[in-house]
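Have a look at these structures, which come just after this line.
In the two complexes that follow, subunit A is the common piece, with subunit B as its partner first and subunit C second.
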Partner chain A sequence: MSPVTESRLRAGLLWSLVRAGFAEQAHYRLAVAAGLFTNVVFGFIRAAVLFAALDASTTAFAGYDRATLGGYVWISQALLGAVTLMVPVSPVEERIKNGDIAVDYLRPVPLVAAFALPAVGRAAYSLLPRGVPAVVVGLLTTGWFLPATPGPYLLGALSVAVAVVASYLGVHCIGLLGFWVVDTRGIKAFYGILGTFLAGLFVPVDLFPEWLRTLAAFTPFPTFLQYPVDVLSGRVLGAAAWQHLGVQLAWGLGLLALALLLERLGRRHLEVQGG
Partner chain B sequence: MADLTAYRAVLASRVRAQTTYRLSFGLDLLGALLVGLVELAETWVVFSQVDVLGGLDFGGVLLVFGLSNICFSIADLLVGHVDRLPRYIREGTIDVFYLRPQPVLAQLVTSEISLRRLTRIGVGVAALVAGLLANEIPEPLRAAAVIGLALVFGTLIFCALFVSAAGCQFWLVNGAEFTNAFTYGGSYAASQPTSVFGTGLKITFGFVVPAAFVGYLPTLVVLGQPGPALLPAWLAWFLPVAALWSCLLAGLLWRAGVRHYQGAGG
Partner chain C sequence: MTVPSGAVVEVDRLVREFTVREPVPGRRLRRRARRVRAVDEMTFAVGPGEAVGYIGANGAGKSTTIKMLAGILVPTAGSVRTCGLEPIRDRRALSRRIGVVFGQRSQLWWDLPLSESFAILGAIHRLEPDALASRRAELVEELELVEFWSTPVRQLSLGQRMRAEVAAALLHRPELVVLDEPTIGLDVLSKQRLREFLVHERRTRGTTLLLTTHDMGDVERLCERVLVVDHGRLAYDGTLSGLGATVAAERILVVDLAEPVADLQVPGTRHLGSEGEGVRQRLAFDPATTTAAAVLAAVQTRAEVRDLSVAEPDVEDVVRRLWARNRAVGAGGRPGSA
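Showing the complex of A and B:
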């Protein structure tokens, strides 16, 4: 086989993994509708609390006005289905626990690709029926908050894509710890609780007091939600937006390297009972 | 009473099961503590930007947070595990519950007791005590009465919400997240001053899902505040009525759900 056909076959294989994730999510229509409903209800509550806080604020409120705050609330709710944050569980963990991971190691794609690409497909599906309506509800109830120039949308799309992959890689690494830890429930609980908070799900990271913001910056979590929201809503523009994207990419690549390392170490550590 | 012995035996076994693995139990307790602390931190971050939110200062919001968190966590400890119902339905194991000569709900509720929530109750108690110390309380007796009422009937309201949500699962199954809007959304709404909500949310979380009765309305009575439009402070004394409404709704939804289920055969 020529190298060209082989690489084309390979690309087709990887693409089919993304499509499989997309198709998987598309089967659970009711689940998507339920997720959307819950996102919208939480959006209403958070918008009410944060708008009241903005009106009563004695500070600069980190530069937020009604439009950027509305954008923060509704775009973050819209992305919640796509980024892996609320339920920090990777399917890789179950495969490690029951030994099926041995089969996954034999596949013609790296472990990380076999799990991350379907996650990307699932996220892509949830962005349309779950993300778009949440933003529309936000626009109808809190007024216009979307940027008027095309720049934020283009950079925002990139930023969301990186956040989707990086946030999955984060939980993938947690799942891979299953090679060494019998029960990762405790670790997942800590990851989920601290992760959602430091990602800026409940209050924007920029409203944190100085020390807490610094602490958040030492974790990848703000790049999973706060950063794509900032870029997509046009709250950060131009060079600042590119800088956001750069930081996101750096964390994403770091997590990818970690995932590959854990994958190799795990392979050496793995003992499968034959039969 | 052979029935109760059976329930007691199951519950005792669940308690033993959770406390046997000390490290794991400790981590669970720590995790629940962290949930409470992070939720408190959210409120605290908002109050680093404002002095007063919806007519309450931080001390007042601590009361709302404390009451709602204690009630929600106790309800979660006692009946929160009924949200496993969708899994039982999918796997078909719910059929076993139907075959036993005890009510399905009673079995489901007593099938587990989530002791790890204890630390989160602790966070709520600490917030409530801090709130009581931070505020001047005009009429301590009235305050004590309304707090007692809130703790009992607020817990009942959240228990009823969990059961209502479970009742809907007989139809939803894969749409389990739908009811999170009312259980976890209700808990979230209950920990905020309801006065910041618009009319729609006030009616939803004031009367349909009576979350405002758990924390906000009793806090108004404790502080001697009159309350906003639609939610005057004296409504707090109707906590038993709000709880009764929630229980009625839970009863109807649960009964309808149990009857709707047909089993998958096999």
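Showing the complex of A and C:
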């Protein structure tokens, strides 16, 4: 097989796995609609709480005003369906538990690709129908918060893409723990609570006290939500935006390496435990 | 049994142990680890184009062997080579040359129509568009997939899904096809279709077939060689007719009669029992000496037959009798090593 054919077929594989996730998600339109409804309701609650805090605040409130705070709330609500954060569950865990992982092991594709690429497809499907309406509701209720220059949109798209992949890789690693741990519910609950908080879902990371912000910086969570929101809303621009993107990529690659390592160790362990 | 050079599967003194943890009586928190041998010094080889039935009771070690052949499990000791490759080390290369169907597991995308699943599988196996299209057309026609080609997999019946599973495993034209319980739970017609397809596939492409099953019908119609495994050891390796001779594989004819009749005595059969004062009677016969049609004809001379069914013996039944006979012979040696 020529190298050109080889790379064309490889690209075809990547694309078909992404498309599979997209097509799968398309079968759950009602779930997407329900997700949108929840996003909007939750958005109103978050906006109300944060606006009240802003009005009562005597400090600089990390530079947020009413418009930028509205942007933070509604853009993060828009991304919530696409990044894997609120429900930290990967299908890989279920397949390890019921033994279907044997079928995945029989294919000439690494587990991480077989699961992460469809996750990207699922995210792509929920991004538009859940994301756009959430932003529109935000614009109608809190006023204009979108950037006026094209830069934040272009870098923002990249930043969102990296956050979608990296956040999936995080739960993929949790799912792979299923090779060793019979019940990962406790780990997932801890990951979900810690993750959503440190990602900046309830309070923007910049409003954290110094020590908590430092702690958050030692985890990948802010790069799953706060970073893409910052880039997309134009809160960080130019070099600072590129720096955000660099940190996101570094965490993404780190998680990819961890996923590959766990995959390899898990294969050996499965061999010990039996299929 | 002699095997042509360049064996597709070569298993040499293969051993696989598992650790089982069990509670210690009287000590609630203590658990004791015990090593269990699922596969015990197994040695056999399968040549190109052979069709081999790998049979034995539940827990005999069939699936464990298959998982080692396919590169999912590492052997504890001994060696295994599949398609000339070392399954664990060369699993990427091996996955392009073997097709595996686990009767209880699916390789299809639950929410997607078959057409999508096959497009993805084509991409996974890096098939050129032309090669994919021609092979897909072949499988769709031979396994009659066209009527549910656009239906999401979760809406397929078991028979439809199994046909699709087999097609999915064979899409990349593997030279070795391993089927683990391919007909489990299928109705007679679906079984028939699947067997006919596998026979055709072997005849036209020379595919090597290795299948585990509980269904003697699968073995009879598909396999020319049988490996019987019991407690992880090879108990028999030879032809099916040889196995039949060792432990006559009886059929059971069940007839429902128009009115009660005294226990039927038909030459060449054993009367197993009667129900409803003789309205339903069960007769055992050896298919090697007589046929269901001959037995039925004999019954019809005595009573009017309303309904009938023929039961095939269970593999476990055959294995049980093989071992019972073996113990009766004594020695404990392996029977029928042809």
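Methods note: the second predicted complex is superposed on the first by the 270 of 275 C-alpha atoms of A that agree within 3 Å, B and C clash if a C-alpha of one lies under 4 Å from a C-alpha of the other, contacts with A are read in each partner's own complex, and residues count from 1 in each chain.
What we mean here is this: contacts are C-beta pairs under 8 Å (C-beta built on N, C-alpha and C of every residue); 3 or more make two chains touch, one makes a residue touch a chain.
Just so we're clear, the structure is a prediction, and the values are computed from it rather than from any experiment.
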Fit or clash between subunit C and subunit B when superposed on subunit A: fit
Partner chain(s) touched by A:Asp100 [first = subunit B, second = subunit C, both, neither]: second
Partner chain in contact with A:Phe44 - subunit B first, subunit C second, else both or neither: first
Partner chain in contact with A:Thr59 - subunit B first, subunit C second, else both or neither: first
Touched partner set for A:Val109, first subunit B, second subunit C, both or neither: second
Which partner reaches more residues of subunit A (counting touched residues only), subunit B or subunit C: B
Partner chain in contact with A:Leu194 - subunit B first, subunit C second, else both or neither: first
Partner chain in contact with A:Val203 - subunit B first, subunit C second, else both or neither: first
Which of subunit B and subunit C A:Ala20 touches, first, second, both or neither: second
Subunit B and subunit C, minimum CA distance [Å, superposed model]: 11
Set of subunit A residues, in rising order, touched by both subunit B and subunit C: none
Subunit C - residues contacting subunit A, complex: 18-19, 38, 63-64, 67, 70-74, 88, 91-92, 95-96, 98, 100, 102, 105-107, 109, 111-112, 116, 119-120, 123-126, 128, 152
Of subunit B, residues touching subunit A in the complex: 24, 27-28, 30-31, 34-35, 38, 41-42, 45-46, 48-54, 172-178, 180-182, 185, 188-189, 192, 196-198, 200-201, 205
Complex contacts: residues of subunit A adjacent to subunit B: 28, 30-31, 33-35, 37-38, 40-42, 44-45, 48-53, 56-59, 61-62, 183, 185-186, 189-190, 193-194, 197, 202-203, 207-209, 212
List of subunit A residues in touch with subunit C within their complex: 1, 5-6, 9-10, 12-13, 15-17, 20, 23-24, 27, 99-100, 102-103, 105-109, 268, 270-275
